[in-house]
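In order of appearance the chains are A, B, C and D, and numbering begins at 1 in each one.
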Amino acid sequence: MLLKEGQFRNPSGCAVTGVIDRSGKSMSGEGMIEAISVMHDRSNGLGGGFAGYGIYPHYKDFYAFHLFYDGNTARADTEKFLTRHFEIVYSSEIQTRKIPSVKDEPLIFRYFLAPLPQKLANSHLDEREYVARCVNRVNAGIEGAYVFSCGKDMGIFKGVGYPEDIGRFYRLEEYEGYAWTCHGRYPTNTPGWWGGAHPFGLLDFSVVHNGEISSYDANRRYIEMFGYKCTLQTDTEVITYIIDYLVRKQGLSLEETAHVIAASFWRTIREKEEETREQETLLRRMFPSLLVTGPFSIILGFTGGLMALNDRLKLRSVVCAEKGDKCYIASEESAIRRIEPDLDRVFSPAGGEPVIFKLYDQQGGRA
Amino acid sequence: MKRIYVNEKWCLGCHLCEYECAFAATGLSDMAKALKGKRIAPKIRVEDCGDIHFAVNCRHCKDALCVKSCISGALSKGEDGVVRIDRDKCVGCLTCVLVCPYGAIMPAPDGHAAQKCQLCTDNTCGVPNCVAHCPNNAIVFEER
Amino acid sequence: MDMYIQPEYEVVRREDRCIACRVCERQCANLVHSFDPETGKMQADDSKCVNCHRCVCLCPTHALKIVKSDDTYRQNANWDGQTINEVYKQANAGGVLLSSMGNPKPFPVFWDKMLVNASQVTNPPIDPLREPMETQLYLGKRTVKIERDERGRIKNTLPPQLKLSAPIMFSAMSYGSISYNAHEALARAAEELGIYYNTGEGGLHKDFYKYGKNTIVQVASGRFGVFKDYLETAAAIEIKMGQGAKPGIGGHLPGAKISADVSETRMIPEGVDAISPAPHHDIYSIEDLRQLVYSLKEATEYKKPVIVKIAAVHNVAAIASGIARSGADIIAIDGYRGGTGAAPTRIRDNVGIPVELALAEVDARLREEGIRDEVSIVVGGSVRSSADVVKAIALGADACYIGTAALLALGCHLCRTCHEGKCNWGIATQRPDLVKRLNPDIGYKRLVNLVTAWNHEIQEMMGGMGINSVEALRGNRLMLRGIGLTDTELRILGIKYAGESL
Amino acid sequence: MRYVIIGNSAAGVAAAEGIRSRDKSGEIVMISEEKFPAYGRPLISYYLLGATDRAHMDYRPSDFYEKNGITLRLGVRAEKIDPVGHTVLLSDGSEIGYDRLLAATGSRSFVPPAEGLSEVKAKFTFMTLADALALEKALSKKKEVLIVGAGLIGLKCMEGILGRVKKVTVIDMADRVLSSILDEKGSQIVQRQLEARGVRFVLSDSVVRFEEGRAKLKSGGEIAFDLLVMAVGVRPNIELVKEAGGKTDRGIVTDEGMRTSLPDVYAAGDCTESSDIASGKRRILALLPNAYRQGYCAGENMAGGDARFGDAMPLNAIGFFGSHILTAGAYEGESFITGEGDTYRRFFVKDGVLKGFILIGAPERAGIYTALVRERRSLSEVDFEMLKTEPRLSAFSAEERKKALAAEV
């Protein structure tokens, strides 16, 4: 019997891509589908997914939960749990279209939620921590239910199939957002469980990842000390938790986080100017177990922006490009060229050097 | 030039250098075959005095009295600084023995000539064999 | 009359190779060899031979070998020859049997039952000759709360840490148990390598204060040589609670080894036995330990990490948890195979547990409790190769202590008679004529060679795993698989069986 | 710059080497009355003995003169020095100018007048290769040889020819052999050893008259001989310098830099006097090591250096048929004797320093003693008791040993 994610450690190769319009202008998911289709060969039909930001403007103050259910029992149990902890502002099955190659889809539901104020107050938790813990309880505690997206004004859409098929399955051409990421998966060992597809999300963080990290168990065993449970045993999951821990819990900036995850080599740090050297040395001394080694290229989606990051040896490709207000990130330049042949700038970030694209209004105006 | 220097602090008095010297002179590859049953006449000699031990061999003096005193011209100082003896020229008068302040040149066992350390430039060892086999770096071959 | 006991080893001399140079005779402090002027031949007294191989190594014609005697009592699976002889010895003399170095009994070696992973296809191995391969690390607490200055820069709120260029340190070996020259070799090697050596409980010789930056000073139950300068000179302070070779008992350095120099360094009278009590008499509980930890920190203005060293015993995880909460920065765990200059045989061979299992338990326990960042873990006793180091780190250690391996590099041949004080290799002796056999110029280079070689091998293995920092190997147990282990052992080690997938 | 060196033996060669240590280009002319390139003069007895041969007697390799840019004029005698005109008149009538001149004129055999001596046809001296070659021609197993003089020259000659003639008799006025370098006990040992080899000694006696094949002795006896070797002594060749107005005594007088009293004229070797560091007296030290060091010193100074040779002392390494006699320094002060049988060591100590020694049959490491004499080292710094029985560096302080063995010397 094949095991599903969480019952075995599952690394995989992949294609990733992302786009953001820094002016905040919306675009549909069509472009992403187009881009990822170029990198068809980097996926093997066992997983594809998207994350869109700014897609739920009408519900932007509510947590948008996307759930897979194996059946109605799971759904009923989950909704009972959600009702106890949240005000459900809106719920519905996510609209999909039939695609011949996309099979065995679970029930896919969406909820817009707000924590119950009394419950939240009683928990003595920060609101986001409250939400994160509730998500954990569903995923770990309710058989056949899986929350795969739980941020505000963003959503993850994923499943088993080629990513372009998954995009059409979810009718992403009908969604509009200022930023999108997309993932095509090439798992080396999976039955193709829908929950195991990427992006992986925690609150408004979404991560798409291409690579196979060699530090996995060191990272996992460390991060699990801080209340995270790496139930899926995927790289993407542990990287998401690391980012969440460093950014949300430790208050590091994204750049600082990048210097932990993909830290410069000691010998490189030694050659940097004093202040940088001190800061990067401190980060390495403080969080050595969160250094991620082995090949990876990730695109982190967050409210208001995208970050591309390579492992420190740049063992996986990632290309960035700019055209006017739009910025692109992809495993291969061809994917970007497909949707925007005429680029202002194309560059390949160095290993360990984060590339962060933010909405202008998040970075204090146009750069 | 590279010379052999002695550090008596580390000399254990094992006398291996003497055997290695004698072995080097034979040009053979097996020490047992070379020295078994033989009385050795090494050009390096270890002095033992209670717990003090040290090896003595030619110092290859800059201003070598032995060379200056040699009646036959058998002793010479090469351009490499090595003081050598030409056994065919040496008549064994031992004037060199009489003038060497270190007692580092000695009658050869056959009695017809003197003998001395030539830093293994007269064999195929490459580096002085005594140094190569000193177990405790009590003799070293270096530039100082 | 004493029961005659047949010598355990015999000296075999190939007469066709012996040239009677008498090196063996001059180099044997046990007076095994002698020259017979009548026959012109060398002869040997096997009963004095401890099998240290000094003569074998120095014999220029390789005429010597030492073989195990084939003399035997009637075969008995229960009463083997050694056991019987030990009874005879005790019946002869009535004393506690003494031994040296680590437990030689055939217990399982768990290092040898773990295999290391390598990358294939899905993830590239990294070539350490082409790419940086980091073995540098820091030891100490990593518990921080990010604080920033007015310019938003992260403030350095880290407790003091030790910086290591490789995950290897030299274990505690006291001046007294080992020689001045051995200490000098260790100190100089540590300095050149950018690692640390450890004074053991013998104090720090005044000549070695200059190596303070690479010195860990030990505070043990005898408190030998402990005073202000000693603490201030060091890079870190280690409280020795126990030792793997002899958990639960103290130390005993016979008066014969307390030379003038040793006496000055230990601050005890010359020629009088130096006895370290079994417990610290001011530490009868974990709370007491905490007080000593903080006393030492107070004394050194919180500038130096404090290490607490314990022997691996049955309840090690709980003990470690207590230590992690005591303010200590580093826990050193010493396995039951660790070496010693002298220990009662029965203790050495029967007390304690393997460090591999202790490490796995401690690391898991500290993580479960969320306090793994409170302390670094250093393991020793016995780490025999770079592969052991890699496995230890993958199990969860931050670094390893090597003692026996370091002594082997210095010439030790594990004859296990350190307690007799006549070490022919100049290591475990204070006899000046023997001490001088270890030239620290040679010794330190051999130590540097050893650690450098291991570091290269660690880098090779890490590169094979696709890991380019030792920090990403720490606790990375997926990189290990067990072989020939029971389910219980696998569970304790927290690893899967070879062949089980990711 | 032209350097002219009169003499082509140890002192002359050394001077050329000394010059070349400072001046690679100046012209060097060496003038020698002898017809051979420099050879080890003391080798002539070894030559007769068969311990060496003509091919191995050259003092320097065959390319020595060429390599050092030396013009060698053999078979020419320097007749006269003109110190004012800086010229030397040669026996071939030519004149050679010099900027610096070295007189390394050596010594010559001294043959005292004796009645009937001029009638003796087969008579020889024993100083030069030519002497030895001449003697060699006369040698045969049938011949009896009389050597007059039981000193160094006479006995070395004896050693060289003993095996090649029927019989050797040595006569000396002194009552013992090698009286200039040995004490009585030492002479006895050597005499006994040589007599055992068949040498006949006639001591405390002298020849009063030579008659056909016979020497009539003062004691009244007579000795028959076929060949006569006159080995009574040597005289330094000081005339050339003396006649040019240079200061001489028994030998040519120089300062420690080997300068004579004549401007630009230096002297070295057996023709000069030295200050004996052991006895403190000025004397002629006609010894090869001495000659070389003087010559080298002179050469350096001729080429503008400021070298000094201030530690001359008597040194004798002599041996017969495999036995060795090494002596050095002065025999004054308290003496200590060790050894037994044919091993004999005698040390002379005065004012707390070793002044001299005699070693018979114990040559090993004798230089350690020589250095003590030369350096005038106080015996309180060494373990003299140890040294009396064996020359060892162990007898010195560790610090001294360090200087000797752990540093460049």
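Please note the rule applied: a contact is a pair of C-beta atoms (placed from the backbone, for glycine too) under 8 Å apart; a residue touches a chain by one contact, two chains touch by 3 or more.
These numbers come from a predicted model, not from an experiment.
Listed by label, the chains that touch subunit A and also subunit B are C.
If you average the Cα atoms of subunit C and of subunit D, the two centres end up 70 Å apart.
If you average the CA atoms of subunit A and of subunit C, the two centres end up 47 Å from each other. In whole angstrom, the spacing between the mean C-alpha positions of subunit B and subunit D is 28.
Here the spacing of subunit B and subunit C, counted between their Cα centres, is 43 Å. Multi-chain contact residues, meaning those touching two or more other chains, do not occur anywhere in subunit B.
Those residues of subunit D in touch with two or more other chains do not exist in this structure. Counting partner chains per residue, subunit A has no residue touching two or more of them.
Contact topology of the protein chains: linear, an open path with no closing contact. Those residues of subunit D whose C-beta lies close enough to touch subunit B in the complex are 14, 40-43, 46, 51-52, 56-61, 288-289, 292-293, 296, 315-319, 322, 324, 326, 328, 363-368, 370-371, 374, 391-394, 398, 401-402, 404-409. Note for the complex: subunit C touches subunit B at residues 16-19, 21-23, 26-27, 57-58, 60-61, 63, 432-433, 436-437, 439, 441-442. Put simply, subunit B touches subunit D in their complex at residues 3, 5-8, 47-49, 52, 54, 56, 59, 61-62, 65, 68-73, 88-89, 91-103, 105-107, 111-112, 144. On subunit B, the positions that touch subunit C within their shared complex are 9-10, 12-16, 19-20, 23, 30-32, 35-38, 51, 133, 135-138. Those residues of subunit A whose C-beta lies close enough to touch subunit C in the complex are 8-13, 188-189, 211-219, 221-222, 224-226, 233, 250-252, 256, 263, 265-268, 275, 278-279, 282-289, 291-295, 312-313, 315.
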